[in-house]
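The two complexes that follow have subunit A in common; it is paired with subunit B in the first and with subunit C in the second.
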Partner chain A sequence: MDFKSVVFYLFSAVLVFASLRVITARNPVRAVLYLVLAFVSGGGIWMLLEAEFLAITLVLVYVGAVMVLFLFVVMLLDINLDRLREGFWSYLPLGATVGALMALEMGVVIGGSYFDLFENRVPALVTDSNVKEIGRLIYTDYVYPFEVASVILLVGIVAAIALTGRQRRQTKAMDPAQQVLVKASDRVRLVSMPSEKLEDSVPQAGE
Partner chain B sequence: MLENYFPVLIFILVGAVVGALPLILGWVVSPSRPDSEKLSPYECGFEAFEDARMKFDVRYYLIAILFILFDLEIAFLFPWATIFKEIVSTDTIKWFGFAEMMVFIAILVVGFVYAWVKGALDWE
Partner chain C sequence: MTLAEMPFILPDLRPASAELFVLAMACLILFVDLFVKDTRRTAVFALTQLTLVGAAVVTWAGTSGEVVYTFSNMYVHDFLADMLKQLLYLTDIIVLFYARAYVVDRPLLGRGEFYTLTLFATLGMMVMISANHFITIFLGVELLSLSLYAMVALNRDSATAAEAAMKYLVLGALASGLMLYGMSMIYGAVGSLEIGEVAERLQAGVANHSILVLGLVFLVAGLAFKLGVVPFHMWIPDVYHGAPTAVGLFIGTAPKLAAFAIVLRILANGLLTLSYDWQMMLLIMAVLSIVLGNVAAIAQHNFKRMLAYSAIAHMGFMLLGLAVGVVGGDARFTLNAYSSALFYVVIYVLSSAGAFGMILLMARAGFEAEDLDDYKGLNRRNPWFAAMLMMLMLSMAGIPFFVGFFAKFAVLQAVVASGQIWLAVVAVIFSLIGAFYYLRVVKLMYFDAPADPTPIQAPLEVKALISANGLAVALLGLFPDTLMWFCLLAIRLSLSVFA
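Presenting the complex of A and B:
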């Protein structure tokens, strides 16, 4: 067993452990942190496959950004831990069926004769830097999907802003420009009224 | 190629050891005699007002998702930057290679302007 296999089994063991903890951890925040660990070890395995751009993007985008979002969502939802766990046994048959189907499909795909992944993996394709090879493909042959990706990102931006749309101002922050521009006449109104004598002054509601 | 990443592997391993060793040492070496007062949450000396889990403002979510989207944009810029010289020195796709990225950025600038105008970026 060469050194590469040792590293692979190390990352795989961490990945399997972390994935198991993601679904067994009681605390959702801990589950999210284990998911971070799973992504990092997945990135390590991709690195072993010499897919360096994908590996670093996985760490950068998923660990750096998506998991922050996950943490915010977990905190945002204010999950009741006890309510989350009820109904486990009633959902188990359905969940087990779906899981078994997915495992079966994965087995068919990987074991099928069309996908002989393990026999001829494609090391010959990458002669130069991996990133450059991806760049050559994205920016020449796959320009149209690349531009579509930017449109999808745009839709994501607009949807996020529209969904969280907060028209109401929650804080009482001041705009300094308006404060400076204010005039005395906006603040104080001088009302001229005749002076009153003491004897016929009746307490009454102000003007 | 992989041997270039060997220092990174060393770094990960050393980092994991440095992170885990103090915790394990503390857990193994230190005496552990817990009682209910020691285990109770400490909040400046008085009883805890409420649960630590509370609803966050949705604005944090908005900032996080905008961060993801623009992070992805940068991730797409990176391979383009590595082959930029190659694109520019090829006559057939000289301007095409430049323009496609400008179109990509322009589409996302629309989203950026939208976020700016809608006030999604200011915190008040």
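Presenting the complex of A and C:
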């Protein structure tokens, strides 16, 4: 067994273990952390397959951004796991059947001879790293859809601000120029009042 | 060849100059909006209208009968695209004029975002109209849909608007997923996403037919969803009803043009070899839409809901034209069939804009004029507008000598030419049933007493545009030839079957 196989089995073992813990951990925060571990191990396996771009994206986007958000949400929410697990055993037969069916269907499709078109069309040998190759494609052949996708993201920002942002007038920010210009007479107004007896000034209950 | 040796060739940007112009202006308007203090947003409104006029000029300057591809064949510039884009700008300009007073009265709607999102949606539609690649089609659809979801929800204090936006978002995402799934299946079978190349490889007959048809089902389902035909119509009444009327007007008009373009490009340009399969699907959906749309519209008391069901029926009628293009492998009738569908969709957009425009004209601050009862006795309140709405309704019903009649007539002619007489009979019978609810509006306007006798107030330009819109329906009914000629020309010059 060469070094590559050792690494592969190591990563796979960690991946399977972490995935199992994601669904068995009682504490949701732990489950999320195991999911992070699963993603990193998956990224490692992709790296072994020389799919650097996918591996980097998985770690950067999923681990770096999505899972951190997820962790925040999970920490903020008060999830009662015992209530979520109540029906576990009664649903198990149905769930197991559905799972087995799905596995069977996937086996049929992947084992079948559909998509055989690709077998005789070997992709051109990529000499550069595939990050470079994808970058080249994005900025040459696919520049138009890439730009349109960026406009979609812009619309996403505009829409999010339009739907959630309140008027700027409601902000409590101070204007320093206004603050400096203030005069003593604007702040305190001295009113001369005749002195009164204490019992008159106490408001009565019915008022 | 390593990266350093790779020469960088700038793609030809000229065919896409209108898109670039609209994108640049939309970004500029986003900035300008930051500095506009005016709560009526007059400057933003004016800039948006100028952008649309400018885009029309740019498109007009680049118009030729040739088919030009650019951006590594992802973008196509042809006469069909030019014509649909010009109609798109025109529709947008009309929509913004109609919507202006309505959004100014409603502070949440009348912010700069209403105008910038309209421009981004327009850009999405332009991308769709000129798409020659499944990826560009999908991105165009997403750009349009995302802008529309936000526009529906813009009036965020209204619960019905939020509900409509949520429904639209969830169902729209589902439809995008279906479409994407179909595209990936077709890619799996054919090995290309470029429409012209898909057509070539299909012709060569190397692809696995069963996987292609499976992909086709998903693709057609996704397209049907965007068009809003039965059985993928559920979102239409809720969105038309729940969205602010100004946004409903936009959703009910311009996107139909873009949806027509992608349907034509995918099915007639890319997958014509599979026409036997998709024509069957379109036929079933068309008949169901005509039946359900016309029958369900009778039960509506809300004008916007009624127009929604009428939209379903109209889109069904339009699909009839697309579904009879190829008869038994014979493409003799293709030109007539597709151009009749194009004519139908243009006329539908014109009439629909007018009908929604009337709702906006009747609406005031705090009053929506959505119920059919609000139109009672309109003749006594303002005979001119009653006449305009009557013409629009009669045209939509397909009464002779209004343009809606010629649109229906052209489609029926194509159906009869394909030899499916029963189909034409069904379409006519249900159009007659549908005429009932259009005529009911006319009856309410002319024979019932007004519930609210206040005269109608609207800005002069809106009054003028509504009048022009109503008169256009009547005049085009008398002289439909020019528009029909343009539709024929657009189809003949732009579809690869005729190349």
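Throughout what follows, the second predicted complex is superposed on the first by the 121 of 207 C-alpha atoms of A that agree within 3 Å, B and C clash if a C-alpha of one lies under 4 Å from a C-alpha of the other, contacts with A are read in each partner's own complex, and residues count from 1 in each chain.
The rule we apply is simple: contacts are C-beta pairs under 8 Å (C-beta built on N, C-alpha and C of every residue); 3 or more make two chains touch, one makes a residue touch a chain.
What you see is a predicted model, and the numbers here were worked out from it, not measured in a lab.
Student: So, A:E105: does it touch subunit B (first), subunit C (second), both, or neither?
Tutor: Once the two structures are laid over each other on A, A:E105 reaches no partner at all.
Student: Report for A:E86: first if it touches subunit B alone, second if subunit C alone, otherwise both or neither.
Tutor: neither
Student: Using the superposition on chain A described above, determine whether A:V143 touches subunit B (first), subunit C (second), both, or neither.
Tutor: both
Student: Please indicate which partner A:K132 is in contact with in the superposed arrangement: first for subunit B, second for subunit C, both, or neither.
Tutor: A:K132 sits against subunit B and subunit C alike.
Student: Could you figure out whether subunit B or subunit C reaches more residues of subunit A?
Tutor: Answer, by number of touched residues of subunit A: B.
Student: Given the touch rule stated above, what does A:V158 touch, subunit B (first), subunit C (second), both, or neither?
Tutor: In the superposition, A:V158 contacts both subunit B and subunit C.
Student: Just checking: does A:F72 make contact with subunit B only, subunit C only, both, or neither of them? Give me first, second, both or neither.
Tutor: first
Student: Common interface residues of subunit A with subunit B and subunit C?
Tutor: Subunit A residues touching both partners: 132, 136, 140, 143, 149, 151, 154, 156, 158, 161.
Student: Quick one: in the complex, what on subunit B touches subunit A?
Tutor: Checking each residue of subunit B against subunit A gives 1-2, 5, 9, 12, 53-56, 58-62, 64-69, 71-73, 75-76, 78-80, 82-83, 86-87, 93, 97, 100-101, 103-105, 107-108, 110-112, 114-115, 118, 120, 124.
Student: Where on subunit A does subunit B make contact in their complex?
Tutor: Listed in rising order, the residues of subunit A that touch subunit B are 4, 7, 44, 47-48, 50, 52-53, 57, 60-61, 64-66, 68-69, 72-73, 75-76, 78-79, 129-132, 134-136, 138-140, 143, 146-147, 149-151, 153-154, 156-158, 160-161, 164-166, 169-171, 173.
Student: Flag every residue of subunit A that touches subunit C in the complex, lowest number first.
Tutor: Touch list, subunit A to subunit C: 114-118, 121, 127-128, 132, 136, 140-145, 148-149, 151-152, 154-156, 158-159, 161-163.
Student: For the complex, give me every residue of subunit C touching subunit A.
Tutor: So the residues of subunit C in touch with subunit A come to 2-3, 6, 8-9, 11, 16, 23, 27, 30, 71-72, 74-75, 111, 113, 116-117, 120, 123, 127, 133, 135-136, 139-140, 142-143, 146-147, 149-150, 153-154, 156, 188-189, 191, 206-208, 211.
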